[in-house]
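Down below are the structures I want you to see.
The following pair of complexes shares a single chain, subunit A, combined with subunit B in the former and subunit C in the latter.
Let's look at the complex of A and B:
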């Protein structure tokens, strides 16, 4: 248990564990709720309960406090009910990977329903079954901070298989932490995918009054059915309210807030589309047409790729070993993509060694340009390449893919400079 | 020269160099302008000229093109004119460090006036001499991607000296690339500094029609004179127009765009103040009072500190050596501050070794919280600490300072958790 030694003993002695429903008498009042893990901002003598309202309170436990267990958490295995297909509706496959969107009751208890199965998720949001025939598969169930390159590859292969098996669209519920990276990876791996492939997440779990799980999932289904565009997208809240949803290109999206429902933002491009609650869709640009072509997943990735943020005081000696052991290095530089002049010899050494060094900007907004200042020009002459307004995270994912799908460093550099999935602007147009 | 071999030869044969004024006849038209360096987005046969409008054009050089040198760049050493002090006006010291704001003509030519001296900068903006008696010093002249910890220390010492020598305020013209890092460093080093200390930059150099150099400098002086608040601030354009300026707390500001004039943004807090063109100031919160106390610069910094962005596929083995050699490690984690479970043992090893590991979020917006998911709780139990909504870059700078100004890792952790200069929100309040 995550509580202090004395509180853990006290709670253990009455059989209370995280997820237990307790009554706590303290200071003349009685509180009832579900025992939550200890919070590092609260004192050693504070017990955290989740109230029926969905919000948590902290209660100071004194010598005369009385704590009772009212109910223990029970893991119920819900039966999955088969749903009959309705004629005329498109067929969508939901490939579940885990994350908050798949957490049925509070994931914080760690005890009751840590994850919904994919079909439970579908059953929890009955309105989506009116729009499409939805079949659900659970590929894995992890929080997205543990999502790795192999997971991206498995998801891409599963999407390929579903589309080539007849699915009209694929929806991928995903943890929000690294959903942007996965969306970029699928964008490159799936290339000209002929159907909509939509990642969707939730910032608040389904048991909370403010949950965005079902509204985001509904919006994702709606976009698959009515959006009329092929490609890899992320659908999430566009505003804190429940009335607007944004459809982001998988290569342009970034999680920009730790907790807000509208945390996901398109950077250096408007969202591909916006949808209101009634399902009206306004697209910013014409998308790729949906076709009956096959999906092809090119999932090879060069794992020996790193992403480094430049900062003042960065010591090139400390980074030398790591850089020289990597085939691809994406630097999230300052301003237009710079590093200090101390770092330039290391870039040269890496490039001379056959590695590809890509300069991006930690500003996130705007285009990189290494031609304006001397430092930038030194970086170019050392062999670094720029990728205009591509996000550092997208450049990292693309570089893994470009290195694995090219015959040489030079070919990989050319691939980096050529848009594959909307990841960079047209060089002839102006900055957003 | 940065042009292709054949163009370099051609230009060299007529004595043209970057900064030369040329006429170029091509395709029946004649263009006149200053020769700029080669641009990596343009072809090998394109010459770039800066026109008198301030904008650049590319001209294709064909076999029948005629290029002539009209004028060579001349370095003139302007005399500095002494300005008499006016009674009743506050005294402001301008400590120049370089950057775009100090570039008189185009820094891109690398030839004519690569930097303005501090007093030239003052003379270039006569209106500020109506508001204050301004004395100007040049501490160094570098672009800010080369700004290092020693530079921060020198600036802090110079500010201390100026304030204790009687200055009512100090203004620091600075390159924009790393101005946010320097602002954070000065905020911690100068602590309860009794006067306004304002960093100011320019996104466009003074020779360009769209330059923000003089308007930002004027706004900085105005805030020093009328803002009535002590502390370390950054003053820059708040909008793309010339009518609104934002005053950011030095610990909350981040460059969020590579080229826009309103690139600087306060994150997780409103700007400390906003100013219109007439000099009306609206502050979001009461600032610290200006006093006649002495300034004290605590400039010790622990250089063995690193800033790492977490990304999926991050290999703990590759980072182990670097992490174990560092006394302070700031991780810009995913979502609420997470890394993958693979990285947790390395965090534990670093903490067991006496290092301080601080978890921040690459989302930038919002608060970190390692209590919600298992991965986060594992990070806490491994010894990582969180710093609420502090920016990763600010946390990096603060950790260097906290480690150097404390007797133990535990004391440094306590300093990290205690706001010094507005760098984090009050834990009892709600998220912005």
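Let's look at the complex of A and C:
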């Protein structure tokens, strides 16, 4: 229960465990309550008791403290009831990966954990069982900041398997921090996936009455059932209210706020669709048709790929080793895609060495163009390529995928310049 | 010792005059809000794996919520769009100070909790609250009253409007720090409860960090009588009403115990709930309620209540179980129910009552209850009404009740259980260090008695005045005025008698800015007006003027006779022809304009003399 060594020893010696009812006599006062787990930031000599009023308090234990166990806890096992499939409803597989959407306060550990099982997640929103037959699987249970390339590959393989096994759609509950990256990775790996594959997250954990997990999950199911579009999407709130949802293309979406429910935004394109609280869907443009084809996951990725953010004063010496060891380098440049002239020789050296250098813009909004200014033209001469209005993170993921799925740097460059999953466009209108 | 007739404890919630508890917003209320974010709240499992019964009852009402933002006093934290910031240190110090004033034991480490509240008044679906201290005490009229707990928590959002399906809240109040202090159930009379509440209020104000005015302090009452049950009346705002609420609740519990005896004496068994569609009986009924429901695709549903006749409304109006049942029914969204003790009435004639009885196969005196609304709503409402009737056989139910303006209460929800608290993991626990406690102890505010003594000895005012000034927390203002003007006797009289008189006129003296009052005394000291004008000036200032503005508005600034002569000479000069033709006969007609220009500044006699002199000067 993560109490300090000495406290754990003391508690253990009298048989006290989480949930035990204790009396703690300390500093001339006596408290009675249930032993709760230690918080990471609690004092080392503090025991936490839940009082009969429901309040937790921390009590300092010193040498003359007397702790007694009054009662031991009774464990009750949770019952899981099997759900029967309803005829006529589409079948959706929910592949849980963790994150806030599947998090809850573990009252035995006192912290938010990415540990809600996939079926618990579904059972928390019973109304989605009326819309589809949902089978829930837990692939892993991690916060998305710990998600890496192998996780993307495992998810893509799992999606391929579920679709080829007959699922009409796949929903992937995911942590929000890197959900945009995963969405882009799945978009490239799954290519012309024949069914909807929807990533969904939450900005407030499921243990809170105000959690956006249930409404986002409901919106994701509705889009799978009624959206009539194949591809990889992200479904989240469109505003801070629980009455509007946005469906984003997996390659266009970016987390643009640390905490708001509507943190996810499509950049350089309108959201693929919007949905109101009744589930009415408005699509911006026709999507790819759902078919009965098989799914194919091309999951190879070139790991020696880096994403660099250019900043004023960036010293090429600091980056030379890293750049020269990488097969792919995506630079999130300033303005139209620039780096300083000091950095241009390093770009040339990398390209001469057979690496691919892709210039994107840290402006995020708008298209890159290296033909306008001298530095840009120098970058092009040095061998850098641009990818229209592709997001830096999407370009990074795509470059990993392109390098691994091409025979040469030139072929990879060609792949980078060719839209695969709606990730780039040469036309933007004033309203996005 | 004879059994106590009343067991009563109170909880006081006092807003603190600091920034908000978990963000940097101002903690003020606004007249206007903007935006209307839509939200729903779902009850969640508690750490014991159970859903709280109060939370579940609320969710089943299926109400949606909207939230308004306000300028300066709401941010993303109130909208639940950003995690809480670290707890406000001012507020924490104030609650630690107050705990010490009550001699309570402060916990070693403060843990913030989430208290689940899904009535929409918190955007998060919970109130953040923490237990700061336990086991204090308070002496009132020589008796020791136990203090069970002192908590620091956040206030809830304000309900602006509600139409049954949707409730609009304004977020300005959400997050204002509150001290919650709970007494032991040590009070035995309604008057004693009032005394204790007054004393706690005075001690809270002695911290100098609390808000003043209506709505900034709210009382919850926990009441039971022998054989009764604990009932909580939540959110009484007017202190003087406390004894009324207590007496009425004691009467209500006695009435329910009488009903229990009657029913048990009769051998009444719990009624089985069997809803029966009796719409056809009422197809020709003229009752507005029933017609309205039927026109709205509703039905009339009935349930039998064998053995309950005469206690729903009987005993000459002393037995009123029907009104308790109706309050439960209304929580399901219906307007009300009709029961057999109150029929025929409300447009439902005897013929309908008779045919309903025969439809339900009930004998002449058997009881029933009906409800006209959409079928599901009506059935749900009747189910809880019958459940409530059955409880009457057993006990007085534990409830949370809402105060009504007439001193009575209505059922609000079941008493929440302890299951509704779980750790607020977004706010780290806070160790209360010995250093911090030492600093608090070294900076304790004066107790009210100490302030009173100081005022009496230093400013030579009487103890009664000093007591009143301190009780109304006007001691700081009094000291400032006395030091600046050297007129403590006048200041004391104004802050006690004059303020009280003006408050009786209905003016809010709390709204008068201290700076304006100080300025008024400066002007008094400078001889700009006489002290007799103080009440009129304050009356003007309570309506929003500053001191100078009030003097102008009342036109009471004293003028010397030279200034008066100049004003009058000008008036005479303007009417030169008229004055020359009339001579001294012009005095009468000219007194009007003269007094118009100088009223309140010189008296009429003096004006008359100057006018005569000026006319003489002109006419020679």
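By definition in this document, the second predicted complex is superposed on the first by the 336 of 432 C-alpha atoms of A that agree within 3 Å, B and C clash if a C-alpha of one lies under 4 Å from a C-alpha of the other, contacts with A are read in each partner's own complex, and residues count from 1 in each chain.
What we mean here is this: a contact is a pair of C-beta atoms (placed from the backbone, for glycine too) under 8 Å apart; a residue touches a chain by one contact, two chains touch by 3 or more.
All values reported here derive from a predicted model rather than from experimental measurement.
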Which of subunit B and subunit C A:335 touches, first, second, both or neither: first
Which of subunit B and subunit C A:308 touches, first, second, both or neither: first
First (subunit B), second (subunit C), both or neither touched by A:214: second
Touching partner for A:46 - first (subunit B), second (subunit C), both, neither: second
Subunit B versus subunit C as contact partner of A:345, first or second or both or neither: neither
Partner chain(s) touched by A:240 [first = subunit B, second = subunit C, both, neither]: second
Chain touching more of subunit A, residue-wise (subunit B, subunit C): B
Partner chain in contact with A:259 - subunit B first, subunit C second, else both or neither: both
Contacts of A:373 with subunit B and subunit C, given as first, second, both or neither: first
Overlapping contact positions on subunit A, where the subunit C interface meets the subunit B interface: 39, 41, 107-108, 110, 258-260
Touch list for subunit B against partner subunit A, complex: 2, 37-41, 107-108, 110, 143-149, 152, 175-178, 181-182, 255-260, 263, 303, 305-315, 318-319, 321-322, 325-326, 332-342, 361, 363-375, 377, 380, 386, 392-393, 396, 400, 427, 431
Residues on subunit C engaged by subunit A in the complex (per definition of touch): 37-49, 55, 76, 79-83, 105, 107-111, 113-116, 118, 123-126, 129-131, 135, 149, 151, 418-423, 425, 428-429, 431
Parts of subunit A lying in touch with subunit C, wherever the complex brings them together: 27, 29, 36, 39, 41-43, 46, 48, 50-60, 76, 78, 104-105, 107-108, 110-112, 124, 203-204, 206-211, 214-215, 239-243, 258-261, 277
